[in-house]
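Next come two complexes built around chain A: one with chain B, the other with chain C.
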Partner chain A sequence: MLEKFRETQFYKSIFRGGGVPKSRRQRMMVVLNSVFLHLHPVRLPKHAVKLKFTWCMGGLSFFIFLILTISGILLMFYYRPTIEYAYTDIIDLAEQVPFGIMREVHRWGAHAMVITVWLHMFRVFMTGSYKPPREFNWAVGVILLLLTLLLSFTGYLLPWDQLAIWAITVGSNMARATPFFGHEGPGAALLAIGDINFITMGSDARFALIGGRFMGEAALLRFYVLHCIGLPFIIMIFMAVHFWRIRKDGGISTPV
Partner chain B sequence: MTDLEIKKSATKDPGRRPPAALGKADSVDQITRRSFFSWLSIGWLAFIAATGGFFTMMLRFFFPNVLFEPVQTFRAGFPEDYTIGEVDLRWKDKYGVWIVRNEEGIYALSTTCTHLGCTPNWLISEQKFKCPCHGSGFFKTGINFEGPAPRPLERYKIILADDGQVIVDKTKKFQQEKGQWGDPEAFMKV
Partner chain C sequence: MESFKHIIDTISNPTILFTSTLIIFFFIFPINDWFDKWNRRLKLYVLWSKKSMLLAAILMAAFFLFGLTDPDFRSIVLKPDNVPISGLIFLVYFFTWLSMHQAYENDARLERGESIDERYEAPNDKVLVWPDLVYIEFISLILCSAFLLVWSIGLQAPIEEPANPTESPNPAKAPWYFLGLQEMLVYFDPWMAGVVLPSLIIVGLIAIPYIDNEPAGSGYYSFKNRKLSIALFMFGWLVLWDMLIIVGTVLRGPNWNFFGPFEYWDIHKLEALTNINLSEFIYIKWMNTGLPNNILLREIWGIFLLLGYFLILPPLLARTMCKKIYERLGSFKYSIFIVLILIALTLPIKMYLRWMFNMKYIISIPEYFFNF
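After this line comes the complex of A and B, so read on.
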């Protein structure tokens, strides 16, 4: 019955190379011909699926990322990124919205993803999986780590409670000390003509980040857009490259 | 006959040129290798310029011309509005400024903790500013004496306007550790 279905035009038009895979080559083609599967290695060596070698931390990070994407989109149906509503909408999600636990899922998931990403990095380092030909993928991984932390940082502000506001106040103060582009950073005084400074509190890196000289409505909106659109978009591109390079660089590394 | 077809017939028989009677061959000949490359480089330059312009626009887009923030310079009433020996909290929420009056005059303290930027509280019974984040403490003068704060609170420019009111200008700040508190604008004699 299922085999018959696989021979229909309907099935074959959706799954390229169609039909029932009968040889090893055909099975390989199934993977290579799918836009989703082709990011993944065609075959896995036996050792590679051993939990004690991989800890499955990379896969778990991706799994948690999917959970965060779905729960995050759900939260966007209720959350309004304005000073007036942000905090009350979070309370509303917790107390009134059915399955408002989605917000807890999102928050705890975010913590979990930061942990799994770090552990994944630790595992890759300890197993020497960063060595050639995988050194570029290590660099991509470092970018992914940075993006994960930035997602965590931008999401932290959104509840707009005291913890969030002060954490981001402190965090964004670091941008004041950016070399050349922070108004308190080294070299900022060099970017001036006579008495006119180009890098001031109203034109430096911190200003671009929070959209003002002080924490306020603009900061909340900027962090919201970065958190929901900007950073996920960038991280997905790098994730695709990361997974694809695992395959291209010879699959999961082999234990020594 | 389209260009593609000409190309096709050319590949079929590389020695033969397309018949001139079809009228396309002349225009094909007019594009020399040299002019092709000059047009190509002009095209690329235009593309790079347009892309660069667009990214400049994108960067500038993030720096709005109008900010919806409290003004940085404000009139804080008359010197007589402030009691000698007291820390005045009335501008704390709106402007982030404490105004303190002593026997000699008035100064304006920033409410930003010099450790990591939180807002300390004025504890009247203990006569000190205490930061709730990490416990930094400051005397009424703004000098730090406990906790992790590395330097005293900053003071803002404070002057007397022609109409006798006090003006606080937050765009100019004075730091004790740089010896700026001696500046006449950092302390208004009354």
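After this line comes the complex of A and C, so read on.
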């Protein structure tokens, strides 16, 4: 049955080449012909498939990112980023939605991604894989680490419960002390003409971050937009560069 | 049992915990030949044998299970958002072991003149992505999804009372991965702990491959020829990042006071501490004159100290301890390297100044929000 199905025009039109890849040539063509698989090279040094060497952490980070994207989209169906509804929508996610564990998948997935990204970086360091010619890709990876943390941080506010707003309050209060651009930061007083300060509570870095003097509606909306659109957009660009450069810099690192 | 808990509570005090870690650390991850000699003499490398790993894993798990019998330990460790940290502790230990185990193995092989696993001869030693890599990826994806699903069904995501901006919890903590930074707030003002130091962590990480830029030693686990870079990275990652996160999460309770893992979070625990600035030390305690009104005059000692630290120490080190590094890197890269290291070292330095002299700020100009 299956064999016959593979011979149909329909199957062949989807999977170029068709048939089960048996010969060496066919197996190479599978990778070359697939838009997803061709992220990979066709052949690899043998240590590149050893878990002992790779720990699989980079791949898992990407996979968890995909899980987070999908579960995040599902969550967006139910969640409204306003002070009135945010909290009750989160409660409803667990109580009204059948088998409502999407928020759990999203939250634990986010924690897991932070850990896998750290461990991936740790592995890359321990194998010396940041050394030339891969130094720029290491820098891209550092930016990806930062973006992962920011994504997790912006998502932390969205449930709009005590845990959320106070964790973000602690974090965003730091912005108040930014040198020059925070109204309680060193040097902010220098940005003034006469008695008129440019950097005040209503115009400093913290104000830009949370959209107001206090944690409120504007902060929730800002973090929501950053979390769902802004940061994912940026991180995907950096991810594309990251994966591209792995291949261009010679694939997985090997001893010289 | 109670006395055991008491001992654990006592030694997890940051002063003892950090000091003992500081003393042991560079013997375990020798930073130069001198430490390496002692590492070999004390046979500390047995830590990376399979037996040690099993033993340590069992001990850690046993301690964990024992801890769970204690209500105070349980309440902090089983807090839903703290569960990832427990996982992190085991994972970080395991992967530290795994990398060091392979590093020592590879070093030994190379010493004997044998080849290492990662050495390959193209094109004979190449494998095909389909099926050799694809099936590994497929299995890890399934395992990872299953793991996430089980975790999600078993443990509910935390939700507390609706947000109330007028009622702040005590302690108010940032998300767990930033708690190392929040812990630094004890020793630094927000502009350092929350803005400058995190930015420098990012800059420092990006700078790594431009400072340690010899292609040798890439592509396989090794230690012998990378002692300095690995020891420094390990110190930053294990001690200054992971350990501070654990301290910030598990050992800091109401009012950011220290609490042992088996200690009840008593909101009324008092720690009478009057921290004083360097200027107060000099003018009030030693010279008995009172603080001068002129800010510059008041803080001149701290400013001199800091200028000396960042301007005089680097060239001094370049001629003595760091001579080899200086010769290898050249003056530009060396300056960046040494300044980053010196800034990182201000954290332990400020910790000890605080613990030993109750020192608050070296330079304190609250008039311009400049406290260091």
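Keep this in mind: the second predicted complex is superposed on the first by the 213 of 256 C-alpha atoms of A that agree within 3 Å, B and C clash if a C-alpha of one lies under 4 Å from a C-alpha of the other, contacts with A are read in each partner's own complex, and residues count from 1 in each chain.
The working rule: contacts are C-beta pairs under 8 Å (C-beta built on N, C-alpha and C of every residue); 3 or more make two chains touch, one makes a residue touch a chain.
Source: prediction; values computed, not measured.
By the touch criterion stated above, A:Gly202 is placed in contact with chain B alone, chain C being left untouched. Of the two partner chains placed by superposition, A:Phe77 touches none, neither chain B nor chain C. When chain A is checked against chain B and against chain C, the one touching more of its residues turns out to be C. Legend: residue contacts after superposition of the two complexes on their common chain; A:Leu60 is shown touching chain C, with no touch to chain B. Look at A:Phe36: by the touch rule set out above, it reaches neither chain B nor chain C.
In the superposition on chain A, A:Phe214 makes contact with both chain B and chain C. Once the two complexes are laid over each other on the shared chain, residue contacts for A:Gly182 go to chain C alone; chain B is not touched. Looking at the shared chain after the overlay, A:Val170 reaches both chain B and chain C. Contact with chain C, but none with chain B, is seen for A:Arg103 once the two complexes are overlaid on the shared chain.
In the superposition on chain A, contact of A:Pro21 is made with chain C only, not with chain B.
When the two complexes are superposed on chain A, the residues of chain A that touch both chain B and chain C are 166, 169-170, 173, 214, 216.
Within the complex formed with chain B, the chain A residues making contact are 166, 169-170, 173, 202-203, 207-208, 211-214, 216-218. In the complex of the two chains, the chain B residues touching chain A come out as 62-64, 67-69, 116-118, 133. Partner chain A is touched in their complex by these residues of chain C: 81, 83-84, 87-88, 91-92, 95, 98-99, 102-103, 116-120, 122-123, 125-134, 136-137, 140-141, 144-145, 148-149, 151-153, 155-165, 167-169, 172-178, 182, 189-191, 193-196, 202, 205-206, 208-210, 212-222, 226, 230, 233, 237, 365, 368-370.
If you check the complex, the residues on chain A that touch chain C are 21, 24, 27-28, 30-31, 37, 40-53, 55-56, 59-60, 63-64, 67, 83, 87, 90-91, 94, 101, 103-105, 107-109, 111-112, 114-115, 119, 122-123, 125-135, 138-139, 142, 145-146, 149, 152-153, 156, 159-167, 169-171, 173-179, 182, 184-189, 214-216, 252-256.
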